[in-house]
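Note that the chains take the letters A, B, C and D in the order they are written out, and that residue 1 is the start of every chain.
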Amino acid sequence: MNTTLLKLSCPDQVGLLAKITSFIAQWGGNLTEVHQFTDPKEGWFFSRMEIQKDTLQCELEELRAAFTPLASELQADWSLRRADARPKVVLMVSQLGHCLADLLWRWRSGELAFEISCVISNHDTLRSLVEREGIAFHCIPISKETREASFEKVEELWREANADLVVLARYMQILPSAMCGRWPARVINIHHSFLPSFVGANPYHRAHQRGVKLIGATCHYATADLDEGPIIEQEVVRVEHFHTEQDLLRLGRDCERLALARGLRYHLAERVLVRGNRTTVFRD
Amino acid sequence: MNTTLLKLSCPDQVGLLAKITSFIAQWGGNLTEVHQFTDPKEGWFFSRMEIQKDTLQCELEELRAAFTPLASELQADWSLRRADARPKVVLMVSQLGHCLADLLWRWRSGELAFEISCVISNHDTLRSLVEREGIAFHCIPISKETREASFEKVEELWREANADLVVLARYMQILPSAMCGRWPARVINIHHSFLPSFVGANPYHRAHQRGVKLIGATCHYATADLDEGPIIEQEVVRVEHFHTEQDLLRLGRDCERLALARGLRYHLAERVLVRGNRTTVFRD
Amino acid sequence: MNTTLLKLSCPDQVGLLAKITSFIAQWGGNLTEVHQFTDPKEGWFFSRMEIQKDTLQCELEELRAAFTPLASELQADWSLRRADARPKVVLMVSQLGHCLADLLWRWRSGELAFEISCVISNHDTLRSLVEREGIAFHCIPISKETREASFEKVEELWREANADLVVLARYMQILPSAMCGRWPARVINIHHSFLPSFVGANPYHRAHQRGVKLIGATCHYATADLDEGPIIEQEVVRVEHFHTEQDLLRLGRDCERLALARGLRYHLAERVLVRGNRTTVFRD
Amino acid sequence: MNTTLLKLSCPDQVGLLAKITSFIAQWGGNLTEVHQFTDPKEGWFFSRMEIQKDTLQCELEELRAAFTPLASELQADWSLRRADARPKVVLMVSQLGHCLADLLWRWRSGELAFEISCVISNHDTLRSLVEREGIAFHCIPISKETREASFEKVEELWREANADLVVLARYMQILPSAMCGRWPARVINIHHSFLPSFVGANPYHRAHQRGVKLIGATCHYATADLDEGPIIEQEVVRVEHFHTEQDLLRLGRDCERLALARGLRYHLAERVLVRGNRTTVFRD
C-alpha cells in the first residue's frame, strides 16, 4: 500500500490536531497511522501521520501547496513525502566491518529502504566487501597533516552524492565541528557505549576497568559536541566478571548493529523528530 | 493537572480522527495525549485521548451528552471519565503473597490509583497482611463439594463491592466459566508462565523439565477459556541449567509482580482496549 | 594463548573434581577456566575445563591415553581437543538469507571459528551469496515425491563432508526422524518461536493472532520429535498491538540471528553438554 | 539440605583447584556447587564452593583449623561458614520507602535470609512501616551542623548491632569517607542510575534532560569515592520521549528494587568477591 508521510512539529495550541486532521480529511486522506506527542514542559507538539495515498484526491505537490498556509499559521517545521522515496545515504567506515556488513544485508534484502550513494573509508580494508555489491568505495586516508583537506574531500563527496543522510558506521574519526554544523540531524553516528557512560575513546576498555555489569551502544545524531548529540536509540547487553575486554568488543558488536539498524530505520521512515538535544521517536 | 479521559473504538472511516478531535476542540478541550491505532486487517479504529480538564467549557456530564450523537453515528464503544476517579477493585489471593504485597505497596504509595474494596482468599494465610492495612479480608474456602456455593458467595461480594475490576493476584483457583462471562474484561489474572507456553497447571515445573532458557509471566483478562484471554502484558527473565525448580519459582515471582503491576496500571488508566482476543495497549 | 578443552559428564561422586583436577595438575596443566555443574535430581556431574596448552608436559594424544583409565573408572562421557581445531560444518538453508548472511559474516570475520564444508538448499535463491565467498553450494530440491531420495542425497553430502555439525539456518524442511537419530546433538536448528510456544508451522502468524506481547526464537538440537529437542539458547523481543505479522517477521529475524549465533558459538567451543532433553550451557 | 560455604581468593598457581578440592574430598565433603574464575590479567584466582554438610566428617571449627595451613600457603583471603547462618543487617533509609518495603517483604517471606538489626533513617516518615514488623527504628536527623555528630551516632548503632552488613536502601545522604573506609565491602548502596552514567545527584532529572532511551540502577559497595565503588549488579529499563521525569522516577523504582534485591542476595550467599574496584559475582 502506497503511503504519504507527514512529519510536523510546532508550538502547541488548542485544536491543533483537529486542524491538521480536518485538512487531511478534506482532501479525502485516510489516516492509517497517527502519532502525536505534546511536550508539556516545552509546549511543543510533534506529529507523524501516514496517509493512504490512493485516497488522496490530489498529487503530492498540490497537497504540499495546499498545506503551506496552514503550516505557516502554525509556525510548523514540516515535511510531506512519499513513503517509498528512497533517501540517498553515504556510509562512512573505518576498518571494522560489522556494522557495514549488517547494513549492507538489510539494504540488499529490502529491510531498510535507502540508496547507498557510496561508501567512504579512511582505510582500504573493506573495499571488496563494498565493491562486490556494486557500490562505489572511496578511500580517503586521514592523517594529522592532511586532516583538514581530507575532510573537505569527504564533504565534497557528500555534496556530490546529494546525500540526504550520512551514516558513521564505526568511522572512528572525529568530524570537524563546523562540518557537523552544516549537516544538522543528517549525520547519524553509532557510539560503542551506553551514553553518557564512557563518552570519548576506548569505551569497552573503560567499561571493563570500571567493572560494569551491562554494556551498550548508542545511535545518535552527530553534532559539534562530540558524543553529545540527540540520542535516537540505545541497546544494552549483560556482561559478567569473566568477560575480557575482547569479549566486550564481541558482545558490543551485536548491540551496535541493532542500535544502528533500528535508529537508521526510524530516521528513514521519518519517525524521528529532533528538538534541542532530545528526540521524539515514534517507533515501529 | 486534572484530566478527562476519552476511550473509544469503532469501525474505521475517512475523517474519523478529524471528527473526534474537532468535537473536542469545539468545547475548548486541550489534548495533552492522543493515541490512535487503526487495525488494517479488521478495519477497526482504537483511540485514547487525555483532555486538560480546565480547558473544557463544560462539565463531564454535559460533554458526555454532547458526544453521544457523534458516538452513535460512529457506532463507537466509548467511555469518558475523570482521570482521577479511583476504580473499586477486589483482590483475590490464595497463599502466595508476593503479588498481593507488591500491589498493596503500589496502592499505599499512590503509584497505582484505585480503591481496594476487599481481599478475598480461599485460605486465611494472608489475613494479617491485609487487615493491618485497614482492608476487609474475606476467607471463602473452596472445596470440591462447596465449589459452586463458594463461588456464588465470591461473586456476591464482587457485586456488593460494586467492583469495577477484580484482580486474581495468584488466586490459583479456576473461576467458573459463566462467572468470567458475566465480568468481561473486568477480571485480570496473572499467569505464571509466558503464555501460550505452559498453559495450565505447574508451569514452572514444566519449564524446568523442558529446559527453556527464559521463563515469564502473563497478565491477561480472564475469560471462559482458561489461560486463553486477551493478553495485556508479559515479562520474561533468563534462566540457566543450574536453576532448580525452586529457583524458577523465585525468579518468576519478580516477573509476575512486574507484569501484573504494569497490566493493572494500563487497565486503570483506560490504556487497554480489547477486541476479540487481542488488546491494544497504549503504554505509558 | 593456545588451549586444550576437556568436556566431561558422568555420575556424581565425592571427590570427583579433585580426581580430575589432580590428574591435570599432575601433567603440569594450568587451568584457565573451569566450569562444573552437578544436577542434584539426576546425580549427574557436568564439567568443562580450559587447560593452558604450553603448561602441559605432553601432547594431546598422550594426555588422552593417560586420561582414559580414569574416565572409564568414572563412567564418563568425555572429549579432549585443541580449542583451535575448526569443526567442519554444513549449512542448510531455504530461501530466507538472514541467518545465513549473519553466519557468513561471523565466520569470515573470525568471530565464529569453524569451516564451512558446503551450503545445501532446496532452492537456488541464495547461490550467489554463498559462491562469492568461495563456498560450494548444492541445490537439492525437495518435493513430496522426491523427498526420500533427496534427503538421502543430503545425508550423503553430510557424510562426504565428514561434517562435525549441521546447522539448519532457516531450512524450513522437516528432516526425516531417522536421519536426525543418526546425528544426535550434531544438528542445530533455529526455530522461529519462543518454544514451547507455537510449536510447528507459521509461528509468527499464530503469535500475531494470539496477541502476545513478546516474540522470540529458539536454538536447539534437532531430534526425531519436531521442535522438541534440547534447547541451547533463546532470545525474545517485545512487540505491540501495532506490529503486523510482517513486523513480527522482521523483528523476529534479529532474534533468530542472535539466538543461532550464540547457540552455535557455545556448541563450537564445547560449552554445551546434553543429557536427556536438557542442556548444560557454560556461557561465555 | 544443609551446606557449608567456602569463599576464597588468592594468587593463581598450577594445581590450585586440585589442592583445594582434594582437601575437601579428604574430609569426605561432597561438592554440590563449585565456581571458580581466574583473572588472566591479574593472575588472581576466585572461588566459591558449596559443600554438603552431612558428608563432612568434622565440625566447621575443625575444618577451619585444618584448612588454615593450606590457606596460608596459598596466601588466600578466605571464609568458611554455614550457609544457613543469618547475617545481621542494618538498613538505612530516607523518605522513599520502595526499596525498604521490597526488602521487608523478601525478608519476611524468607526469600532473603538475614536478620534486620534495626532501620535507621534521617526522617520519621517510614517509622510505622518498620515498627509494625517488630523491627527497631531509629530516627537520626542529619543537618549541616549536626552532620558529624549524627554520623557518629549512626556508626555507633552499627557497632552495637554488631552488623555484618549495612544496606543504604535509598538513604540519600553521603556517608563520611572515613566511615566507609572502616566498613570495606560491608556497606551496599543502591544508586538510582546506570553508573557511570549520571554519577552524583538528580540522575533521573539529568537522564530526562539528556534524552537517554534507557535508564537504570546500580547496586554497589560504598567506598570513600562517591558512586565509584565496586559494582555488584545493574538493571535497566527502556524509556521513551513521552516519559516525564516523574515517569522515570516511577520506572526507576522497579529497577532499583530489583538491582538491590539481587545484589543483596548475592552478597548474603557469599557469591560476591571483591578485588580492587571490580567484583566477581557467581550468580544464582
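Assume a residue touches a chain if its C-beta (ideal position, glycine included) is under 8 Å from a C-beta of that chain, and two chains touch if they have at least 3 such contacts.
This structure is a prediction, so every number in the text was calculated from the model and none was measured.
> Quick check on the contact graph: shortest path length from chain A to chain C, in steps?
So the least number of steps between the two chains is 1.
> Can you check which chain pair, A-D or A-B, has more C-beta pairs in contact?
Pair with more contacting C-beta pairs, A-D versus A-B: A-D.
> Please state whether the interface between chain B and chain C is built from the same residues or different ones, using more than half shared residue numbers as the mark of same.
Mostly same residues: over half of the interface numbers shared.
> Taking mean CA positions as centres, which chain lies farthest from chain B?
Most remote chain from chain B, centroid-wise, comes out as C.
> Which integer distance in Å separates the CA centroid of chain A from that of chain B?
37
> Could you grab the centroid distance between chain A and chain D? Build each centroid from C-alpha atoms only and quote it in angstrom.
About 41 Å, centre to centre.
> Residues of chain A that touch two or more other chains: which are they?
Residues 33, 37, 40, 242.
> Across the complex, what residues on chain A touch chain D?
Interface residues on chain A, with respect to chain D: 37, 39-41, 46, 194-198, 209-214, 216, 230-234, 236, 240-242, 244, 277-281, 283.
> Where on chain B is chain D touching in the complex?
33, 97-98, 101-102, 105, 109, 111, 132, 242-243, 247, 250, 253-254, 258, 261, 284
> In their complex, what parts of chain B are in touch with chain A?
12, 14-19, 21-22, 24-25, 28-34, 36-38, 40, 55
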